[in-house]
Amino acid sequence: MMIRFECDYTEGAHARIMKRLMDTNEEQTPGYGMDEHCERARAYIRKACQAENADVHFLVGGTQANTTIIASILRPHQGAVAASTGHIAVHETGAIEATGHKVLTLPSDDGKIKAEQVKELYDAHWNDVTHEHMVQPGLVYISHPTENGTTYSKSELEAISKVCRECGMPLVMDGARLGYGLTAKDSDLSLADIARLCDVFYIGGTKVGALMGEAVVIVNDALKKDFRYSIKQHGGMLAKGRLLGIQFETLFEDGLYYEISQHAVDMAMMIREAFAEQGFSFRYDSMTNQQFPILPNEALLKLSEKYSFSHWEKVDAENSAVRFCTSWATKKENVEMLIKDIKAL
Amino acid sequence: MMIRFECDYTEGAHARIMKRLMDTNEEQTPGYGMDEHCERARAYIRKACQAENADVHFLVGGTQANTTIIASILRPHQGAVAASTGHIAVHETGAIEATGHKVLTLPSDDGKIKAEQVKELYDAHWNDVTHEHMVQPGLVYISHPTENGTTYSKSELEAISKVCRECGMPLVMDGARLGYGLTAKDSDLSLADIARLCDVFYIGGTKVGALMGEAVVIVNDALKKDFRYSIKQHGGMLAKGRLLGIQFETLFEDGLYYEISQHAVDMAMMIREAFAEQGFSFRYDSMTNQQFPILPNEALLKLSEKYSFSHWEKVDAENSAVRFCTSWATKKENVEMLIKDIKAL
Amino acid sequence: MMIRFECDYTEGAHARIMKRLMDTNEEQTPGYGMDEHCERARAYIRKACQAENADVHFLVGGTQANTTIIASILRPHQGAVAASTGHIAVHETGAIEATGHKVLTLPSDDGKIKAEQVKELYDAHWNDVTHEHMVQPGLVYISHPTENGTTYSKSELEAISKVCRECGMPLVMDGARLGYGLTAKDSDLSLADIARLCDVFYIGGTKVGALMGEAVVIVNDALKKDFRYSIKQHGGMLAKGRLLGIQFETLFEDGLYYEISQHAVDMAMMIREAFAEQGFSFRYDSMTNQQFPILPNEALLKLSEKYSFSHWEKVDAENSAVRFCTSWATKKENVEMLIKDIKAL
Amino acid sequence: MMIRFECDYTEGAHARIMKRLMDTNEEQTPGYGMDEHCERARAYIRKACQAENADVHFLVGGTQANTTIIASILRPHQGAVAASTGHIAVHETGAIEATGHKVLTLPSDDGKIKAEQVKELYDAHWNDVTHEHMVQPGLVYISHPTENGTTYSKSELEAISKVCRECGMPLVMDGARLGYGLTAKDSDLSLADIARLCDVFYIGGTKVGALMGEAVVIVNDALKKDFRYSIKQHGGMLAKGRLLGIQFETLFEDGLYYEISQHAVDMAMMIREAFAEQGFSFRYDSMTNQQFPILPNEALLKLSEKYSFSHWEKVDAENSAVRFCTSWATKKENVEMLIKDIKAL
């Protein structure tokens, strides 16, 4: 049996979540997120974000969350600014375009964008005499951590937030792996910082302990109106909404979200160290649950006999960057086995 | 504590499904529906449909399924023909329109449409000299059972199917409550009939024993291509797809789907009989899990002290039609209590 | 050679417009409506509307104008309220739906809607507990004159406008035939009234003397922002925008628009009278350039030997309603010949 | 008075077109392109293309034509492959995205794309294991001449066409300036070649002698169905369609289109030579009606006193690329004056 490090959604849910789902299974609740579990989960999340006035909505998945948020914010002639590597730019089968909006990409190698890039794109648009013939930048989308495992520092996020506010473009953060960013050892960003600096963001559950589910937090009052219509229109209004409420309640009532995120990051750091000790370099400098070592083909082949992981990109004829993911569910004994095999390469 | 008959998604999932989710929780599987549970569930469903070549996809919810199916079939200038009461026409916040398509409605009181209506609409379109200025009917959407609990007989469905094929319009069936239609006592339609007569349909799990999930069955080869792109674009590609596979595997490996559907229908028939015996009439003639008695206001008020149910429509100053739903989860003791209270009205 | 009364766009443009196009043909101007002709035309129109702060944009056709306006105003989950007979509801191949929005129809026989209907639909939406599952009414669209030749009185329009403002739904008027409404003998509505009561409307040129062109007037400040982006996105930004400017300049510099509209209405009244004198009744009570007599089949056949006109609808086995259109271009001698032939029926 | 070389749509229409519009002004014709002028124009164009079975439709402008064509061809999950500089990628305010489709860009400096690039993008998509999560390339869009004045040779177009057919992706050519490409002195591509190698293309009128209008030629039978619905839905069904028919009739009945295109190209070559003789280099190597000399700032300032032209891009602190356009309407005396002023720089 292959040991899977290919992604961070290979298992079901954390045992405490499964237990809670069992315990509540026979409860009768109203549908569509209007139940008490959702209410409690919202309260926990608002508190964790230090954002008492935020609206919190529960959606099933990341593409759904991104599409619903972005389509709800933009006017038809506006686009979403994102890294060229951004999930919405590359890996959502044109879901954003399907709602009528262009993704305006900024070049990025490591998945991050810079405040200056945003400002330059904004200025370039408005200084162009033919700007009415071009898609107007309408919001800025970032991922934290990025698809490449990298994270924004507090000062970087503050700079982006500042530009966004000056330019009147809401800042949207895709937090599908947010837990792994919050617990990265070099991270100085708290949930409260994110709530202070972003207009809308979401806290990923699918990849961080839940069966499925993303908690969308709308901090900016101007973007709150009618969001539930938008959820329903995009097929994201889960009939048994309490399933999402129960999961986020469990994750946030006493810090489980952080605890299991930390575990994944710790496991990733062990793997990272093992690769580094063997002299391998990394495609991206990630301190989160995704690690991108560059391996010679034979090492890659050897490891793939026992472990599944993602081929990321060919670096040259002899070497490829690959991705190893850990998660809340990663077993320490599997990591230790992997490390032993890395050392044996 | 209120006893809920307001809808058919007030509880979690059937105990056997919950157990299976627990048992498989630590398994590592590939994502996006490419796992073995999904494969097995697909095989069971194909067999149940006697449609060995059908494609089977698992989506999370009904609005998502309707939107994904319809957007995948129609060309931009085409619309979906539906009953004026149809779910896509009324209760999906314009999800179909959001993909660019008009819903072309046929008048219906009980939720059903007739083959002749479809033919008339089709002829009216093509005989109009300005037809290029009008939305072209591109497919026909029906629900079985309908939102009003009514069902199509085999001969009715055959007639609609025949018209659709003559006119080149795929027939799409929304089966969010399909189990309750298949086990209705007056029903002569089998899953195999449906697979033979429809081009695409789905088997509802959300309202029939699962936490969530709809199994989309594409019978018509011409409509199979690239459907997974469509799922992803509409945000319906569940990362942990195996959750849906596990649930449908459980529902279809040995007939659980029928068994629990039958239970709901039996419970509904008991309620129906109780109301009928008390001399109440019904807004729709439903043999499925939804019952629509017309109650005097005082009876309605009396029952609402103990039970939750949906107010459907005002019939006159003194009477309203209401909806009582049963489901796979309905407890017999609750139904018996309700019946006692009905008899006491 | 058939004499055409089938519609109001059978000829080119008014002679003065053609002359002006010839006279200005070699002028070099900037593109996209930024030329001096457009500027002058805008000034004339603002003055005629007594709306000095209105934004005026020139588009090529009616469907384009409706789509651009409506898509620019609505949020994605909102729909446009219109008469069931409205042009956007029936005759634009789903152009509104193609921008993602449902057309919410109100029953209408003569093309008009009533303030009370709008209020009822609005209340029904917001009073429905499941309103988030339904398309939210976002604006109200009316035509003046309607597709059936009928017009709104000042008090009717005031009532609709009042409801719209109370409900926060912009009022949009399709004025493709506006000239024929303004000069109808029973009309008490001026351009200034329309500018006062509507949020956006357009003054039709295509059917009233121009080769093509509709002047969109945005009165409501909140709806002005970025409208030129919307025009460009919907393919309505005419490269040689001055062509539209020149035409509207000619139509509005000294009242030509009213003068030629009056001519069309006078011709229509002559035809109306002739049919009435012969004892024919009318499908709609129109005082504008479209007349809808109900004719026995033999009369219809007789007239169709010499004249083209539109078959509107079958009234019974023996009779059909037809449409005769006049326009700015209708020749009096043709009308007199038609009248003679009507009298001979 | 500024002499305008800023674009190729600064005047009205060619004198023969204006005369024809005058001569036919009082004719009564059916609307929407069903008149005899349109029929004749279609016949002339089919003949010029040596494509007797092609469908020919007349639209008003380029963005409208691109959007209508592309939206009509693609399925929802597909995108249009284009040069990064392509008009649909940059200058149509996201019109393609507004119909739900991503523009998949290929890097290009001079506006052209290469067959190999198309093949690589196609292969990269289909070889990616996550291709269902990415927009599928569905057609290839090129401009001829490009926005940069460059043209495809016959062998280049044959190579692109071959790849497109092997990959099942229709080839769409934007011919907004097609005349200027056909008559470029280094061009070996005829209309017949284009009709043979492309699936859909259009022959630009707006920039080549007409008031407005683009003739869309659909060669591929599979793409012909229901195109008029698509035109209407996108607001491009001109009520007085005969205006477009009359113009294209005039342009194609005896070669006027080529004759006036040749004139523009000749004028452009004179300007090109003058700049070259003065030692200026060019941003793009254009043999068509757009010329892109790189000028020192002082020369640029000097010329801008008397002539309008477009600033294209800053090359360095001292130099900028600018664009001078000629057209069918360019007066030789103005070109001679410009040349004198160039020589005096």
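Chains: A, B, C and D, in written order; residue numbering restarts at 1 for each.
Basically, a residue touches a chain if its C-beta (ideal position, glycine included) is under 8 Å from a C-beta of that chain, and two chains touch if they have at least 3 such contacts.
Every value quoted in this text rests on a predicted model; they were computed, and no experiment measured them.
Undergrad: Suppose chain centres are the mean of their C-alpha atoms. Which chain sits farthest from chain B?
TA: Measuring from the centre of chain B, the most distant chain centre belongs to D.
Undergrad: Could you work out which pair in C-D, A-D or B-D copies the interface of B-C, where over half of the contact pairs coincide by residue number?
TA: The chain pair with the recurring interface is A-D.
Undergrad: From the mean C-alpha coordinate of chain A to that of chain D, what's the distance rounded to whole Å?
TA: Each chain reduced to its C-alpha mean, chain A and chain D end up 42 Å apart.
Undergrad: So the centre of each chain is just the mean of its C-alpha atoms; given that, what is the distance between chain A and chain C in Å?
TA: 50
Undergrad: Just the number, please: Cα centre separation of chain A and chain B in whole Å.
TA: Centres of chain A and chain B (C-alpha means) sit 33 Å apart.
Undergrad: Where in chain D do residues touch two or more of the other chains?
TA: Only 76-77, 92-94, 98-100, 132-133, 229, 232-233, 237 qualify.
Undergrad: What residues of chain D sit close enough to touch chain B in their complex?
TA: 32, 71-72, 75-77, 99-100, 132-133, 136, 226, 228-230, 232-233, 237
Undergrad: Quick one: which bits of chain A touch chain B in the complex? Just the residue numbers, please.
TA: Contacts found on chain A: 2-4, 6-7, 9-13, 15, 18, 21-22, 24-31, 60-64, 67-68, 92-95, 98-99, 206-207, 211-212, 229, 232-240, 243, 329.
Undergrad: Can you tell me which positions in chain C touch chain B when the two form their complex?
TA: For this pair, the touching residues of chain C are 76-77, 79, 90-94, 97-103, 130, 132-135.
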